[in-house]
Structure formats: structure tokens, C-alpha cells
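Letters A, B, C, D and E mark the chains as written, and numbering starts fresh at 1 in each.
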């Protein structure tokens, strides 16, 4: 046989071996590096990169929300994401990118909320998330309560029930993976009601089940009960009981680990609230000095409330209020008269008692840190 | 059995009970008293079922929810203002569809058989038929209708390409098919920088087209992965074998929805935070791997059923091991298990409806999302699900029908 | 050959051409690649978990769950632990799986045999059944059944049969034995087991006698009689000694202002819907498997049996079915497995299966750990099915089979 | 009717009577009026090219296929739609197939005793006794507990013969019993068949084994295209076939 | 190494050399030290009862089974773990199986041209030319575009021979090439083999066709229980077998 061919083959092989050895070496180094990083608890991710920069590079704010509850997060007939939560996301997008449509809404179900915000995949979670201490600790940072809700019950009017304490032995429908489930359990245990639950994954099924009489009562946050009552075949046959069995402060959540981003979101929420308090409406955002220094400071006409430190533009409030309107307008659009028609006047979701506005609902708990 | 009598050279006709209508009735419905009773009972069942079903469909049901959603069933929110700002992006899926028509036409031109022809014309015909939906022009513009109609000339174009140009070889048409799949993906996803191909985020993908993209992608990828796993599992190399067995058993032993959950909750943790995350991509990977594990077992079944003499003959001819596998064992093994593979494809197509878990609005989820966001339609859920069942049925039954034809064509029964 | 290349030979053959060496190299390389990939993946994941303070670990298992579970077949209170709640989920899934498997198999065999019926209309109906139910996603079917069940009357207008069986859109209730006193009940159950064993022994004896002598020994009748008599005697003795019978029949009865059914056994709507959906869906696959199995038995086999004068029934029982079983069992087992896994869609129709409960747990417990547990549970169930399949396969194995 | 008919005249002597038997598969005419008779104890060999209807003929005789015209009377029982008659005939007629068709999931012993216990309701011990006798007769007494797959082809075919004989039939039908066997095994099966013929069993055999036909057969029937084209003494048939088709056929296989 | 060894002495003349070949299947000793040589152009017929190791022997020669002891040298190439040698030997040795093993998914033409184009890298037209020649040689030039399932058994086996010849092997191995065939078809295959032998092809054939062995073989090898028990001229072997086992075997099959 041909020895020279053999020799070249051998040489090739040797070279290959060499290469492989080098590769092994490199791999070993990599693994060692990985182990070291593991030990130090760090990860090969762009640590220097702040979320604000990431978002600006991306050109989009990613929010996790929902598509199945009218008023909060739904999809309108034209296929657009609409709702209170969606508008909060738009406000954030306007603040950091100047464009209310620069949002991407990830639709997630209740059970995925924790892991989604934990992984840092989304910039903000606004999906009717109740603020609880363990979620605050485990999931991410709650920025600001934007809506105060409480859990209630809906029953058939002809059942004659007027108080939730009469629900002994009832079958109650509830949606899966929410604080609603937990509160119901507490309520039943505390009052010895022996309630049986039927836990549904999705809203369409739970409404249909209650409507057909598969359960005696339907529990959810009061505001959602009100919205969903309109979906029943005969809304007048159902009443929402006066009892509220839990505190449900709802608000946006941001991932742990980026204080600047956390502060931005809190500030944007405050802009919406003070926008209403100062009577700045979407259609009428002053761009020149007014007679109110607080308004001028908010709108970036004179003074500042920390825009620079937060990496926001001077006129961020102008942009936000022009794009999505103030808190009251967002409320009215989605939850109020042009939305699912939840009363606001006299409730907890009115502005605080001595808010400076003239004709806005007052005496409630919507309040944010002053912008200065 | 029931074939009409052909002329007999000896001039003797078969008896009546053997052929013709009476023969058929006797043989199939009333051969004895038990059969006669069965016939009557089943017929009664059938008639009542049809009576109530049809009554509901035509009189009781309110189908406005279907017409209201209309094109959204097909494309999801792809063409909304949010998805494709300041542009009309409807032409992009349309163009993709026309390319598919060209491809099917080319497949027909290449193979020249009846099945390929039927499939090509069916797809193009159904697409073109959409052009005549009774929406007003504001809802469905003339441009859209013209693009839909273009599917009809696309088929003969593909046919001619395969027939009269150098494109007409199996390899090239296959390459064309793969290329078209990727071009479709690019068309749908868009390319940053090209003004007319503005990127459309995957969150706006949806409807039946999402199911189809996931299914087609999953099917094309799970076949080779499944083959590799099957060969690995049959390999006589213990390490390779153990790895493959482990992969297959884990993916087959766990429900797909928990895998999908995990793809959304745990898998992102394994990648750097600022890496662009794409939940649809992760879901597609999980669905593909899940399907591959099943595919591997199907292929393995086919390989096991193969007569060992086939591989021996190939080896005796001097074909090296990999060529024996690629040219002799696999083609036959796959042909043996076409029904199982098609069943797997159908399963995968059905499973794509589970992407609701990751918040993607496939054809099922888009309908549910609509009725939930617009509670006045909640009472139409029954109509919605009946419609969805029909849509899936048409596709999956179509697939198994075509597979039956392909099997006939490939002469599975001939051996 | 020079000395350098001689070094690279094994058994006188250059290593890159040596069959065994090539095989080893392939294995080592692929092994290293896969292990590296897995290590990379998990080290990243663990890193991220630590880095972002994402909860993990298993200490939550002994905490109280404090969350309602809609359906439970073993007693459950909100003060039970996570671990116990998981167990509730596993039993819920297992019960659906086992019940579903039995029903789906029965229905599947029925449909499969109908598909082969010589009666045209019966075989076509079976075909329509199969083509419909296996071609529509289970999720869509589940909702279909969900809305069908909602069409049933509300609880107050339940269909009632003999004041004992209630059917409404909340579920189906029926009388069910309940223990009067646990200790007595357990003793009787033990004795009942003895009675069954005795009955079985009698069956074997009679059957053997029948075989040996050719005279009919009525094994079934004798064995049932034996078991019944022993059981009844034990019942009577325990009743007299204990003052009350070991079990009583608990009758379902509407109670309270809501008219909810108390007593007896109630299969709630979620269970009914899930079970119906799973059974109808899986039966369509099983039907095809059964058909293929029966068709796989060569025509020669039936012809030989018929030529020997065996009746069609005997042919089916002694010749066709035992052989078909060997073709049927492996795919059948994988259908059982699929059914078990598909029960994870139960949450959509308000059945608290394992996945449903586990997903709810991620609200108050680390998702990472929950998913590990849930994967392990499903894998264990899958392995159990495979084990049963293998045991049965071994049981029916024959040389050359 | 048939029974009355057959109690008269000389027909009583014939154990198998075929009168103008026609068989169609759908519209394909496979038997075109076959008539012949077989006397008790006679050994008849059926020859003919492939597709000539040999198998079809003997399969109609025990009603594995149903003929549509003409009469087949076996042991005085007429074959008709009456299932009682069909069962009766099958009990009297044993059949051996080319491909053995042993039941692979049963042992040799179980294969043989299945029909006697299920159909004739013999006791197991009685059936096993008979089975052992038969196994000795076909030369494999020691294989009773093996499964078919553990036996050679020749042994399998001998078991198949024993299985058919266990029902104590009056007539045995063989459809190419040796054509799936190795040469060495053909002999052992033919030996068994020879022995069987010598005990006076009525046998109707489709085979290509000319040696066997010459030596054992009382008569040779040659079929072609669904007809009997020649029926003769073996000696006469092989040395001096009258029919042209038979001459051609013989020239090919001899 | 093997190459060097075989370039010396008279061994160059032998195209197949088996030296003390042992083969175990698990613990079953199938070949118990077989030694023999075949010269170029020689036609050797291997006989022996079932299970004697005939198939095993010829399958080890082209490495379809791996032997565990002893040497097999074909055309100067030693069989060992070296894949290059294995491939080389397979290229030089053609094999024909009892069950044809045609590739059912390929046409006759594709069956024949597959190996030449893939292994010898011939052009398609060249391979088809050779294939057409071979098909004419085996007597079925008109069947090129059919699929195997459309051919009779005899035709299939002739295609299998053509397929093996297309690789222009120096040695042809036949493992009972006619035993799955109907009597009418055996002759056509044997005719092709006769013709092949007359062209000087080296052939190693396992067969039960005594006529063929007598007429064509240069030598007959009789195997029993994994050993060669007799090796002789066919005339001598059939008329006057020395070995007792051979006598017994011949008495059975003649």
C-alpha cells in the first residue's frame, strides 16, 4: 500500500489530535471559569447594562399583562391591547421612549406572573397583581398602588342571600393561582362556612359555569365582579354582596435588582396621579409657564423633580400626560363611564382628601410621593 | 365484492347475491337477524343525532362571533395597527401563501401524480375562495382579494417551473421548500432596516397561521431529530444509547403543558438576562423536542420491523454503514411507519393549541380571548368551540387523508 | 511503517480505521458534548437563581398549604402541608388516570371491534367516531363537554332516580358504602379479602377438575358462592359482635339552602367533563390499535381455527385475541400514558389534577422546586404504566413471539 | 334434503361429491363447474398450474370459501348456508395448510388438544392421550411442550397434521403441505402422509411432489383455469397424459 | 501486515483462505475450526444438514458475521477490525441470499446501480449500461423499471444475482439461492448460475440442488456441526462418500 498517503494521513491525524487537545484545554478553562462564577454567584450577563439602557436599545417596553378582563387588560374588537393596566404600560413607554405605542404586551396567565417577573424577561408586570409581602420579597418590587380593590362575592338574587356569612355549604367558583383562592380559604375557615371551591383556569369558563348554576357564588375582586356581571345572560338576576373579605392593592411590579428602573416606574405612576391632582388633562397640557409652580415643575417648565438622575427627559410629564392622560382620565376610559363603569366618587380609588384639584373625586387613597 | 359483473368469457354471470345493489345490501346490512337489528338501531341513532345536530347548527346557534372574528382566526393580530405601525402588513402572509402555492405546484410538476395535484389545487382553491367572502370592501380590501386570487396562477407557475426549468429535481424542490419556510418566517418576522419589512413582534402572531407555522416547523425538525434519536437508541454504542434513551423517556414521560410551563418559567433563567428572549421560540423548541421523542419511537418501530436481510444485503454490496442507513434502512423504515408518523404530525398540530399556556393567541386562544374581552359574546362559547372543532378536523382529517393517498402512491401495500 | 505511525496503531491497524476505536471515539465525544451542554444549562440556571434571590429549595414542603383544593378523594384541610397537598394532586390525577384507562379501553375495544363489523353502517359509525374524536384537540373537546354538562339542569332541578342517583350540572351523585366504625370496617375488609382468595382457590380447583374430566365444574358459580357466603357470614358475625354492621350505605341527599348534595359519592362536574373528554378522545386511538391488532393476526390463523371446527367465539377467544394482544399491548400502554399526561388539562374545566395544584403552588412556593417534583411525579406514573405493560407482556410472552 | 338424497343409490359410497361447483370471487370466476367424487379411503392428488383453482376447490369443500352454484356433499351432509351443517362438515374434514398455520402462542400439545376439548368437549386428559399417540405417530413424541417457533418446518407441518387428525376426521385435505419446506423436511412430511394413506384415510392433496403422487395416489386430478382438465390413474397420467395442457404442465415440472 | 504475509509462497493462488476459523454465537460454537481454500475460478458447493454452519461460514467470509478465531484472507486481504479491509473485501465479494433481499423501495435498475454508483463512484449512465448488460445476461432485460414486488421469485433472484455481479466481484457467495422458489422457477436461476460458472467466476454455493452440484461443482464440501466432514470431487462424493455422516445425509436427500 501507499506509504506516503499513510504518512499524510497520520500527520493529519496528529494535527487533529493537537486541535482537539487545544479545544479540550479551552473547554476546561471555560468550565473552570463557569464554576468560579457559580461560586461567586455571578452570571455572565451584562451587569453594567441598566434596564433603562436595555429598553432604549430595544426601543420597546415589554409588559406582562392579560387579555381576558375587560377594563384591566383585554383586546378590543380591532385587536389592540386595551385596559387600565395597558395604559400604565403606555405611560411608562412614553416616559422612557417618548412613544406610547412602543410597548409589547406579553400575555400571561395568573400562575406565570411570579416566574415571569423573576426571570427579568419583562420590564414591568401589570396584570392585576395584588401587592403582598411575600410577592414583594420573592417576585419583584411593587412600585405604587394604582387601584384599591377588595374581594367580594356575587350570588343569584333569588337565593335571598344578603351577606357572605350566609354562604355556609355553598359551592364557590374562583380562578386559579390567585390570592382570591387564598382569601376564600381564609374566609371559609375563619367563619366555619365549609365552602367548596371550583377552581377554573380561565375567565370564560368560570363565568359560564356560574351563569349555568354550577356554583352558588362567584368570588373575585369586586371590580372584576362588576365587569363580569354584564356578561351574564341576565345581569339583573345577580347581586354583588356588600362584604369585602380582603385588601387587594393592585399595582405594577418591576424586576428586582435595578433601582433606577424601579424609581422610574414609581415616578411615572406619580406623574399620572399628580397630573390629575393638578388638573392637567390630556387635551390641555400646558407647554408654557402657568401660574402654578407645582404644575410648572411637574411639566419641566421650571425646576426639576429628579428627571436627570432618573435618566428621563425634562418634559417627561408633558409627554406622558399628552400621550395617555392623567390618572382620572385613564380610570374613566377603562374602569369608569367609558369602560366598565365602576363608580369612583367616594370610593378608595378617588384622590386623597385634600388633593389640590377642583372637580376631581376626592376622599380616597390614591396618593403618591410628591414630585419634587 | 360489489363490483358490477364484467363480461365473462365463458358467458356465465356471477349470481345476483354476489354483485349489485341487492348483493351489497345483503352482504353489508341484512346478512342475518342480528345484523339487521344492528342496522336498524344504528340508523335510528344516526338520524336522531343528525336531527338535533343540524337543528342546533341552523336554527339555535348564533354564529356572529365567528364572522366578527373573521380573518383574525387566520392571522391573529398580525395586521393590527400595533403590530405593524403605519403600514399594511397584510401582504406579507399573503405573499408567503402564494409561495407555498408555487411550491405545491412544483411538487406536483415534479411528481406528476394525482395526490400532489389535488393537494396543490385544494390549497390554492381554498385560499382563492376566501377572496369572495361577503365582507364589505372596508373590512377586506380589493388588494387582499387580489393577492388571494393570485394563488390560482401560482400553482401552474410552480408546475411549469418544475417541468421546464432546471429547478425540477427532487433535491432542488426540497431546498426550495426549506427556503420558502425560512423566507416565510422572515417575511412574517420582518427585517430591521428594511422599510417595507418592518419587524413584527411575535406577540402579534396568532390564529391558525401560528398553529401552522409551529406545526410545520415542528414537523420538519422533529423528523430529523427523531431519526437521529432512533438511530442513537438502536446504536450499539452504550453511551450514545443511554443518552438517547434518557432524552426520549424524559420527554415522553411528562405532559407537554408542564414542559411548556417550564419553558416559560425555568428555561429563561439559563440564559443571560439581556439576551433577546423569545417565548415563542422557546415554546417551539419544546414542542419540537417533545414531538421528536415520539417520532424517535415511531421510527424505531419502523427500523425494528425491517428485515435484517435488507441491511445485510446492502453491507454485502459494500455500502458503508451510513449509506446503508440512509439509502436502505431509513427509507423503508419510514415508509413502514408513515401512518404512525402522520399520526404524530396530527398530534403535534393539535398540540400547538396548547401555546395558550404561554399567552400566544393561536386559533383557539384568539377566539377565547375575544369572548372574554367582549363579554357580550361569552354566551357564544358553544358556537366558538364547535367552529374550532370543525377547523381542526378539516386540517387533521385532510392530513390523514393525504397520507393515505401518499401511502397508496408509494405502494406500501405492494410489497 | 515508521515508528511514529506505529504508535497510532492498535492490533496492527491504524487507530482511525479501527472499528472499535472509532466507536469509542464517537461515544466519548458525544458524551462530553452532552454533559458540557447540560452542565452549562444548569449552572446558568442555578447561578440565576442565586443571583436574583429566586426562592428555591424544598423546605416549603412541610409548611401549611392554606389554599383550597376543589376536588379531593382523600381528606384534605387547608392546614395540611404542601407535601400532603401534592399527594392529593397525585391521587386526583391517578384516579382520573385509572378510571379513564378502564373506560377508554372498554369503549376503545367496543369501537375497534365495531369498526371491523361486517355491518356496513356499524363500521361506518365507528369510523366516523374515530375520525372525529382523534382529529380534534383534546382542549377543544374538553370545552365542548364542559358546555354540554352546563346544559344539564341546575342542582335544584336535578334528574333524580329513586332518590338515590342525582344528575345535575354540578355532577353525578350516587349511594356509596361508608364505614360505620373504622376498626370494624377494616376487619371486615380483611375477611372479605380472605373470602376472595378462597373464591379464587375454588375457581382454580373447579377449573382444573373441568379440564381433567371434561365435565363442567361451574367454576364461576362455585367461586362466587364461596366468596359471598364467607363474606356474608363475616358480616353477620361482626354486626352482632360490634352492634352495628361494618359498612352502611350513605345516601346522597340535597341539603342546606343551596341544595348541595351531601352523602354518597359525588363525581363533580369537573371530573365528569375531564373523564368524558379523556375517555372519548383516548378511545378513538385505542379503537385503531385494537383494529390493527386484530387485523395483524394472519388470516391463516382464523382459517385454521375454523377448519378445526372452532366456533367464531372460541376462535376469537383462544386464537385471535391472545395473538392480537401482543401487538396491542405496547401501543395501548403508551395510550394509557398519554391519557395520564393529558389529564393535566383538567385545570381548564375545574378539575384539580396534579398539574393544576402544582401550578397554583408556584404562587406561594418556589416554581423551580415545584416543577422538579411534578416532573418526577409524572415520570413515576409513566414508569408505573411501562412496568405494568412489561409485566403483562412477559405474562403473555411465548417462544418465537 | 341432501341427506335423503344421498341415502339412495350408489352415492352413499362417495364420501365427497362435487356437482357442477361454481365459485366467484366478486366477478372473477374461479371454479367453473367442477364435478368429481371421492370414495372413502381414496387418495386423490390435485395438480395444476398456479392460479388454476386447486386451493379454491379444496377450500370450498370445508367451506372456508363459499361456493355459489352446484352441490358439495361431504359424508352425506350437504354444504349450504346452514351453520349446523358447516360445523358438522368441519368436524369431519381435517385440513393442512401450506404455511402450517400453527397457533404460535400455544404449545404443540395445546395446539393439538384445543379443538377436541373445545369442539368435541373431551376431557383434557383424554385429549392429551390422543395427542400423545398422534405425536408418536408423526414421529415427534418428545416435542409436546415446545412452542411452534422452536420446531423446524418439517416438524411444524407434522404437528399440523397431528392437530387435524386429533379431531378424528373422515377426510383430510392437504393444500401444498410440503411447498414451504426444505428438501430434507419434505421427506419426513411425505412419510407421514404415506403412512396416513396406508391406514385408509380419505385424502385430497394438492401437491407438486410427483414422486408422492405416483406412489400413493389412487387418482390424479389435473386442473386448469377453474376446470378439471384431466382425471386419471397416476401411472396413466404421468406416462401418457391425454390432455394437451397436462402434457405441457408435466414437461415443465418433471 | 496481512498483505505482506500473503505475498509470499503459493498462497497467492488461493482467492479465499480460511485457517482454523472459529465462530461463537454467544456461547454456542457455530464454527469449530474450519480450514479450507478456494482457488480462483473454482466452483465449490457446500452441503450439510440444517444448522451445520453453512450459512455462518459464508457469512463470515464477507464479514456479515465476525469470526473470533483464525484467519480469513480473501484476495490477499485479511479480515480484521480494519474498516478499510472490510470494505475492500465486501467490494470483491458478491453475495446472493436465500430470501433475495432486493430493496423493495427501489426499481430493479436502481437496485443494480446503487452500489456501483455509491461505492465505485461510477457515473449513472455507465452503471446503467452495465446493469442492462447484466439484466440481459440473466434473461430479464425488459424488467428494469419494475419494482421487485412486481416480479416472480425466480426473476427476483436473477435480479439479485445481477445486482451482486454489477460490483464486478472476484468471488460470488450463494446461500441457498433456490430454496425459496417454486419448482418451476428453480431451473431458471440454476441456469443463470451455470452460465456464471462457465465464465470462470469463483463461486461458493450453499445449495440442496444435487443436480447442480454434480454438474457444475469442482468440489463439494460437506459440513456437520460446525466442522467440514468431507471435501471431495462431486462424482466421488455422490457415488462414494467416505464419511458416515455424509452417507446418511445423502441417503436422506437423494
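Everything that follows uses one rule, which is that a residue touches a chain if its C-beta (ideal position, glycine included) is under 8 Å from a C-beta of that chain, and two chains touch if they have at least 3 such contacts.
Treat the numbers as computed from the prediction; the structure is a model and nothing was measured.
Taking the CA centroid of chain A as reference, the farthest chain centroid is that of D.
A simple rule picks the central chain: find each chain's mean C-alpha point, then take the one closest to the mean of all protein C-alpha atoms, which gives B.
For the pairs A-C and C-E, the larger set of C-beta contacts lies at A-C.
Mean C-alpha position of chain A lies 78 Å from that of chain E. Centre to centre, using the average C-alpha position, chain B and chain C are separated by 29 Å.
For the pair chain D and chain E, the distance between C-alpha centroids works out to 39 Å.
Spacing of chain A relative to chain B, judged by their CA centroids, is 37 angstrom. Multi-chain contact residues of chain A, defined as those touching 2 or more other chains: 43, 111, 115, 118-120, 202, 208. Counting only residues that touch two or more partner chains, chain B has 261, 265-266, 269, 273, 381.
Contact with two or more other chains is made by no residue of chain E. Contact residues on chain C toward chain E in their complex (touch as defined above): 11-14, 17-20, 22. Residues 1-2, 4-5, 8, 14-16, 36, 39-40, 43-44, 46-48, 50-55, 66-70, 78, 143, 146-147, 150-151, 154-155, 169-170, 255-258, 260, 268-270, 347-350, 352, 356, 359-360, 362-364, 367 of chain C touch chain A in their complex. Considering their complex, residues 3, 6-7, 9-10, 13, 27, 31, 34-35, 37-38, 41-43, 110-111, 114-115, 118-120, 134, 138, 159-161, 166, 168-171, 173-174, 176-179, 181-182, 184-186, 188-189, 195-202, 205-206, 208-209, 212-216, 255-257 of chain A touch chain C.
Those residues of chain C whose C-beta lies close enough to touch chain B in the complex are 23, 26-28, 30-31, 34, 41-42, 44-45, 48-49, 54, 117-122, 125, 131-132, 134-141, 143-144, 147, 334, 337, 341-342, 344-345, 355, 358-359, 362, 367-368, 371, 374-375, 378-379, 382-383. For chain B in complex with chain C, the touching residues are 27-29, 31, 35, 38-39, 42-43, 45-46, 236-240, 243, 249-250, 252-258, 261-262, 265-266, 269-271, 273, 297, 346, 350-351, 353-354, 356, 364, 381-382, 385-386, 388-389, 392-393, 396-397, 400.
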